[in-house]
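Several structures are given next for inspection.
In the two assemblies presented below, chain A is common to both, partnered first by chain B and then by chain C.
Right, the complex of A and B next:
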C-alpha cells in the first residue's frame, strides 16, 4: 500500500496558448521629427519611419498610419481640422482625431507643403520647383497653379493673400491672390542672408537688416550679432551669441540666453539647457516680460536633445516634448518627466538572446567568482564554507519571509528557461535589453562612442562582449548583461576586421577575430582555437573563400567564384545546432541516416531569371548540391536545418510564391537497429566525422506553392532537438505564421504513387502541391502589427517550447510550441479528475484487498 | 480552310508557358585548363591538363578528361592538406582551388576525383570539388602517381508543384487525456488487482503445501 505514495512526485506545468500570456508586443512609431498639439489633449506626430500618429496625453498611440511605405520620407503640415502629407508622389489628407483618410491625390515633384487659412477656408499650398499649386484642403480639388519661377518657401497668408519667398539675391516676396488669381512680386533693396519666419522675413547685411512685414520693406540698423537661425513657427530669430529677437517692423530683443534649445508658444518662449542627468527649463512670457525657471530631473544620463517642442495648455500648464538621440520621445512638465516612448526599439537592426543567470548562480555570485579564481583542492574547503554561508543566508531570508524574489527586478532565469535577455541593436546606436517574460526595457546603452556595431557574444554567465569597428581599429567592450555596465574595454589597433568567429555557443564561447591580412587574434585567451575553418562570402566580387586558422594566421584552403551575372540573394547556415536524431526509423524496419554535416551552408543567387541554390561544405568547399529553378524574381529566403533546406521565392513565370524543399541523406541504410546497437556496444560506433571524408549525400527535392510572400523565416530550436520543428515565417502581411516541417518534406509521396522507396517515410503527409495557410497557426492572431522584418528564435528549458522574436518597427515576442502537448498541461486538463481517479484507484485497491482477504479467509474456514 | 490556316498561324507564332521548356542552347566549347597542385597551399605547380568539350546543350553533360604530368609522393605533408586548383580562365589570376587531408589521399592509394563546375557560356571555372575516391586515413601507400577520375558538376533541376484536385484536410483532433492514456490506467488497474490478490494466494499456496 505504501508504495503508492512513491508514485507522487512534484511536477511543474504551464497552460498552453493563452492570449497575451505566451506572447507580448510593443507598438512603435519611430523617431519623431514633427509635432503639433491637436484638440482634446491629443498630439499629432510624424516620424522618420514615414508614419503619422495621434498620441493621447499619456503617450499611448490612439492611431497610426504608414503614409506610403515604411521609411519613405513624409512632408507634413497640419491645422486643427486636417493633417496633410506628401509621400511617394501622393498628397493625402487625414483627420487629426482618428487618422481617417479624407482624400488622396497623385502629384509629382512636391518640395514642401503648407496649410494656409484664407477667409474661413483652408488651402493646401504645394511648393514645386517652378510653381505653386493650391488645393482646397477639404476636398482636394485643384484651385490654381501659379508659375513663379524658383521659390524658397511658402511663408503663409497675409491680408487674404499667400506669400511666397522667391529665390533671389535681394529679399523678394510673391503674393498670390486666390480669388482673382493675380500674382505680384515685391522686392527689397538689401543683399544679404535671408530668413523668413511665421509672418515676416528678414535679410541681414552686416549691421543692417531689411525687414518685410505685411507687404512692406523696412531697412533698419541691426544692433545684434549675425542671425543664425529662426525658431520654428514663430517670428523669433536667434543670433550666433544666443540672443533672441522678435522680427517685425520695429524689431526687439527678447532675451539673451545661453547655449540651449528654444521652442516658441503663442506668447511664450521656452528654453532648455541640458546637463548630465537634468535640464533647466525657462519659460519667457513675451508680453509680460517675465520668466519662470524650473529644473527637470531625467531618470538616467540624458542623451543628446535633437528636437524640442513646448506649449502651454489651456490651463496655463507647460508641456514639453523631446526627441532624444536614442530616438526616445519624452513628455515632461515643468516639474517632472511624464512619460517616455522608447522609439529606438522601432529602429532595431539586430536582435540577440542572452542567458540570464539562474537563481542559484545569481544569489551565489561570490561563490561562483571564488571557484573561478581558485578551485584547487587546498581552496575547496573554503569555497565549500562560502557556499554554506550563502545557503544559510538564503535560508535566514526565507525564515524572515524575504525570499520572494522580484524576478522582474532581479533578472534571473525562470524554472523553464523562458526568461531570457533580448538584446536589440538599434539604428539609434543604442543597445536595448528587454526580458522575454516581461514587457519592460531593463537597460539601454549608447555605443556611439565605440564605432560601428559588428557583433555581440555572450562570453560568461553575466558577461557580454560587444565588438565594434572603428575605421581600421577594433573596439572590444565587455558589459554586464544584467545592468549594461561596462566591465572593461580593449582597442586592437590597425586590425581591419574580415570576420569574427564564435567558436562554440556553449556557456563560455571563444571569439576569434580575423583581419583582411588574415591575421588572427584570439579575444578569449582561455579558449583554445585549434583546427578552425571559416569562409567568407564577398558579394561584390562574387567569390567565396574558405580558410583554415593555424596559430596566428589564416591559410586559404578553397575558393570558388560565382558567374559575374549572378546576384547573391540569400544565405543560410546552421552553425548553432547539431543533429540530435541522426537516424530516422521509417516504420518499415529501416533506419535511414540524415547527412550529418554541421558545416553546411546554403547560398541563393539569381542569374537572369534562374534561381540557383548552392549547398556547400564550409570546411572542404565541396558543393553538395546546386539546384536550379526557372522563372524566379525578387527576394529569396533560405533556411537550413539539420539535413533540410527550404527556400522561398516568387515564381514570376506562374505568378505565385513557391517553396523548394531539399533533404540530404547518407547512402547507408540499416534494415534493423541491431547493427547500430552492436557497433555501439563494441565501441566501433563512430560519431565523429571529417568534412574532407564525407561521402556525397543523396538529395531529394520537392517544390510547393505557398499562399503568400514572406519577409523572413527561421526554424524553431529546442534544447534537445527531439521536437519536430516548425518553420516560423513573417508574412508580407506582418503576421507571424508557423508551419510544421513535415509539410515541407521533400519525400511526401503522391496519393497514387504506390511504389516503395528505400527513403520512404509512411508517417509523412501525402503530397499536396499547396502548402496550407491555417488561421490558427497565425501566432499574431488578430493583432495589428506593422513593419515586422526579421526573426530570431532560441530554445528554452522546456523541450516543447522555443522563443521567437519578430522585430523591425513593432516588436513581437512569442513562445512557439510545434508539438503542443507533450510537456505542457492543456487548459482543459482537469486536476480534480486526476486526483479523484487516483483516490478512486486507492479506494478500489483497498476494497479489492479486503475482498480477497475476506474471500481467502472464508475459503480457509470452509476447508 | 481558314480554320486550318488559323491553326497553322497559332502553331507557328503562338507562344505559351508550359512545363516542358527546352533549355536554351549555349555555345559549344572545347578548352584546356592547367590542373595546378600544391603540397603546402603556398607553392603551386602544374600537375596536369584538363580538356573540356561541351556540345552547347545544357541537357548534355560536357565531356572532360585529364592527363597528369607531374606528382611527387615524397613531397606530401602527411599531417597537412593537399591542394589542387584551376585558374578561373586563361587570363585570370584567380585560382579556383580545393583541398583534402593528405592522409585521405594516401588511404585511397592516390585514387582521387575532381569535379569541376563551369560557366559554359564564358568557359570559366566556377568551383572545384576534390575528393579521395575511398574513405579513411593512412600514412603510406605503394601507389606512386595519382589516378584521377574527372566529372563536370551538373545542376539539379528543381521540380515544379504537381497539381491534382486539392482536398480539405481536417485538423487533427486534440485527444483528451483519458482517451489518449486509457491503456495506462487499464494496465495500472490490472497490476493493482494482481498485487492485491497475490500475497494472499501465495500464503494460501504455502499453507496448502
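Right, the complex of A and C next:
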C-alpha cells in the first residue's frame, strides 16, 4: 500500500478565468521627431513612424493617430488650437486636446507646411516647389495660391504679411498679403550661406552678415565664427565653435558653450552636455543674463542624444525632452529623469524567445531532457524516478524556505515555463529583453558597434549568441541572457555571410555560417555537422540553389530556375514543428500516415495574376507539389506545419481573401492491428528516412474564403505536439485571431458526398466554403492595438498552452490554448478536498485491512 | 425355560412397540430416497445452470440503455456486466460442488452455465468494442508507430 505514497508529486494550477489576465500589451508611438507643448500640461509629438500623439504630463499617450499609413513621412505644424499634418498627399487638421480630425484634403506635392497667424486668424501655408498655397486653418477652405518660383522656407508672419524665403544666391524674401493678394519680393546684397530663423534671416559671407528683419536688410560686420545651424523655432544661431548669437538688427552673442545640444524657450536658452551616465543642464536667461546649472543622472549608460526640447512651465520649472539613439523619449526636470517611453520597442524588426534558468524544474534539467529524448513506456519508470528526485529536491528547498523565489527579480522560469525572455531587435540597433510574464524590460543594450544584426540563437541556459555582419566580416558576440553582459566576442574576417544555420534548436545547438563564396564555418566546434544541406532562394536570379555541406565547403547539388516572370511572394519552412505523431487515427479503423518530410519548404510566386505554390524537398530538390490558383494579387502568406500547407492570398477574380489548405499523406494505409503489431515486434518500422528515398505524397487541397486580410500567420507550438494546433493570424485590422487547424483541413467532405474514401476522417467538420470569424477567437478582444506586423510563437511547459507575441508598432503577448485549458484547473477545483479524499481512502484501506486480519485470526482460533 | 428364536418368520406375533422395521424393508426405502436425492441434485444443477440466464436480460437491457458514449456510467455498467460472469466462471466449481455425486451428470449443466456466462461476457466485450475500448483496429496501436528522423537535414533562406 505504501507504494501509493510514491505516486504523490506536487502540482500547481492556474484558474481558467485567470488566463485572460495574462495577456498584456505595450502601446507605442515610435521615435519622436517633433515636439510641441500644448495646453493643460499636454504635449504634442510626431514620430518617424508617421504617428501624431497627445501625451499627458506623466508620459502616457492620451491619444494617437496614424496620419496616413505606418512609416509614411509626416510634415507637421501646430498651434495652440490645431495640429496640421501632410502625409500621403493628404493635408489633415486635428484638435490638440483629443486628436479629433477637423478636416482633410487631398493636395499634391507639398514640401513643407506652417501655421501662420494673421490678425487673429490662423492660416495654413503649404509650400510647394513653385508656389505657396494658403488655406484657412479652421475650415480648410482654399484662400489663395501664390506662384513665387522656387522657395526655400516659409518664415512666418510679420506685420500682416507672410514671409517666404526665395531660393536665390542673394538673401531674398517674398512677402504675401493675404487680404489684397499682393506679393512683393525684396532682396539683400550679400551672397553667402543663408539661414532663416523664427522672425529673421541671415546671410553670412566670411566676416560680413546681412540680416533681414521686419522687411529691412542690414549688413553688419560678423565677429564670430561661421554660423553652423539655427536653434529650432527661435532667433538663435549657433556657430561652429558653439557660440550662440541672437539674430536681429543688432545681433548679439548670448553665450559661448562647449559641445552640447541647445533648445530655445521663450526667453531662455537650454543647453545640455551629455557624458556617460549623466548630463549637465544649463539654463540661460536671455533677458536677465544669468544662468543656472544642474546635473541630471541617467539610470544607465546614456545613449546618444538625437533631439532635445526644453521649456519653462508657467510655474517657471524646467521640463526637458530627449529623443535618444535607442529611440526612447525621455522627460526630465532640472533634478531627475521623470519618465522614459521605450519607443525602440515600437520599431521591432525581429523577436526571439530565450529560456530562463529554473532552479527547480528547468526545461534543461534531467527530467525534461529525459522525456524529450525518450518518453516511451519502457523509459517511463526511470523518467518517473527522475521526476520524484526533482520533487524531493523541490521539497527540500521548501523545507529550507527557499521555495518562494521572486521570479520577476531573479529572472527564473516559472513552473509552467511561461516566463520566457523575449528578445526584441529594434531598428535602433538595440536589443530589448522583456519577461513574458511581467511586462518589464529587463535590459536593453546597443550593439551598433558590431555592425548589422543578422541572427540570434540561445547557445546555453543563460548564453545567447548574436551574429552581426560588418561589411565582409562577421562578428560573433556571446552575451548573458539575464543581463545582456558580453561574455566574449569573436571576429571572422573576410567572410561575406550568406546564411547562418542553426543546426538543432536544443539547449546546445550547432551554428554553421555559410559565406557567399560557399565556405562553411562551424562556430560550435563540439557539434558535429553531418548530412547537412542548405538552399538559397535568390529572387534576383529567380532560382533556388541546393547545396550539400562537406567539411568546410559546400557543393551545388541541385538548382531550380523559376520562370522570368515569376515574382517570389512568400517562403515558408517549419523546422521547429517536427512531426510528433506520424500517423492519424481517422476514427474509421484506418490508420493513415502523414508525409513525414522535415525537409519540405514552400515557395509562393505570382506570374501574371496566377499564384503558384511549390512544395519542394530541400535536400533532393524534388518538387512534391505545385499548386496553381488563378486571379491572385497582392501579398501572400504561407505556413507549413507537419504535413499541412496553408496559404492566404487576395483573389482578385472574386474580390475576396482566400485560404488554400494542402495536406500531404503517404500512400500506405493500415487497416489491421496485426500489421502494426507485427511491424512493431519484428522491428520493421524504420526510425530514419532519407529524403532521396521518399515516395511522392498523396496531396489533398481545398480552398476556403476567409473574411479578412492578414499580415502574418503562424501555427501554435506545444511541448509534446499532442494538442491540435491553432493558426494564429494578425488581421489587417490589427487584431490577433486564432482558428483551429481542423477548419483548414483539405479533407473536409461536402455534405452531399456520401462516398467513403480511405483518407476520410469523420470527425472533421463538413466542408463549408467560408471559414468562420468567431468573435471570441479574437485574442486582442476590445484592445485598440496598431501596427502589429509580425508574429512569433513558442511552447510552454503546459501542453495546452503556447505563447504568442505580435509586434511591430505595438507589442502584444498572449497565451494561446488551441484545445482550451485541458491541463488547467478550474476555480472550483479544491485541492484540500482531493487531498482529504486520498488520505481518507488510505486510512480506510488501513482500517479495513486490520479489521479483516483480526477477523480471520479469530475465525481460525475458533476452528 | 425360555428361548429366543431369532427366526420369527413362522411366528405371527405382533412386534413390540418401537421395534424397527425389518432390515430388508429399510434397504429398499433408502435406495428409493437416494434415487430421489440424485434426481433432486440433477434438478438443482440444472437450476444452477439456468441461473445466469435469469440475469442476462436485465444485463442486456442495462447495456443497451447505457449507450455507447465514452463516459463513466456506460463504462461502469459494462465492467459490471463483464465482471459478474468472470467472477462466476472462476467460482463455478464451487457452485456445482454440492451437486457432485456419482450418477449425477453435471456436464451439460456446467456447459450450459459456462455458455450462458460466456454469452453475457461476450455481450460486455461487444459493448466495449462498440465503445472503442478494445484495441482491435490498427489505429488503436498508433503509439507503436515510431517518429522517424531524417538522415539528411536541410536549412534554407530567402535572400532579401
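Odds and ends about this structure:
Quick note on the criterion: the second predicted complex is superposed on the first by the 764 of 863 C-alpha atoms of A that agree within 3 Å, B and C clash if a C-alpha of one lies under 4 Å from a C-alpha of the other, contacts with A are read in each partner's own complex, and residues count from 1 in each chain.
Definition applied: a contact is a pair of C-beta atoms (placed from the backbone, for glycine too) under 8 Å apart; a residue touches a chain by one contact, two chains touch by 3 or more.
From a predicted model like this one, the values you see are computed outputs, not experimental measurements.
Look at A:837: by the touch rule set out above, it reaches chain B but stays clear of chain C. Of the two partner chains placed around the shared chain by superposition, neither chain B nor chain C is touched by A:176. By the touch criterion stated above, A:622 is placed in contact with chain B alone, chain C being left untouched. In the superposed model, A:653 lies in contact with chain B only, and not with chain C.
In the superposition on chain A, contact is made by A:690 with both chain B and chain C. In the superposition on chain A, A:630 makes contact with chain B only, not with chain C.
Contacts of A:770 after superposition on the shared chain: chain B is touched, whereas chain C is not.
On chain A, the patch touched by chain B and the patch touched by chain C overlap at residues 690, 692.
The touching residues of chain A, counted against chain C in their complex, run 498-499, 501-503, 531-540, 546, 568, 571, 573, 575, 578-583, 585-587, 589-591, 593, 596-599, 601, 617-619, 670-673, 675-677, 679-680, 685-692. Contact residues on chain B toward chain A in their complex (touch as defined above): 17, 21, 41, 81, 83, 85, 88, 94-101, 104, 115, 117, 119, 121-122, 124-129, 131, 135-137, 153-164, 166-167, 169, 171, 174, 176-178, 185, 188-189, 192-193, 196-197, 200-201, 203-204, 207. On the chain A side of its complex with chain B, the touching residues are 543, 548, 555-564, 611-612, 620-623, 625-630, 653-654, 658, 660, 690, 692-693, 695, 699, 701-705, 750-751, 767-770, 772, 774, 776, 821, 826, 828-830, 833-834, 837, 841, 844-845, 848-849, 852-853, 856, 859-860. The touching residues of chain C, counted against chain A in their complex, run 135-142, 144-160.
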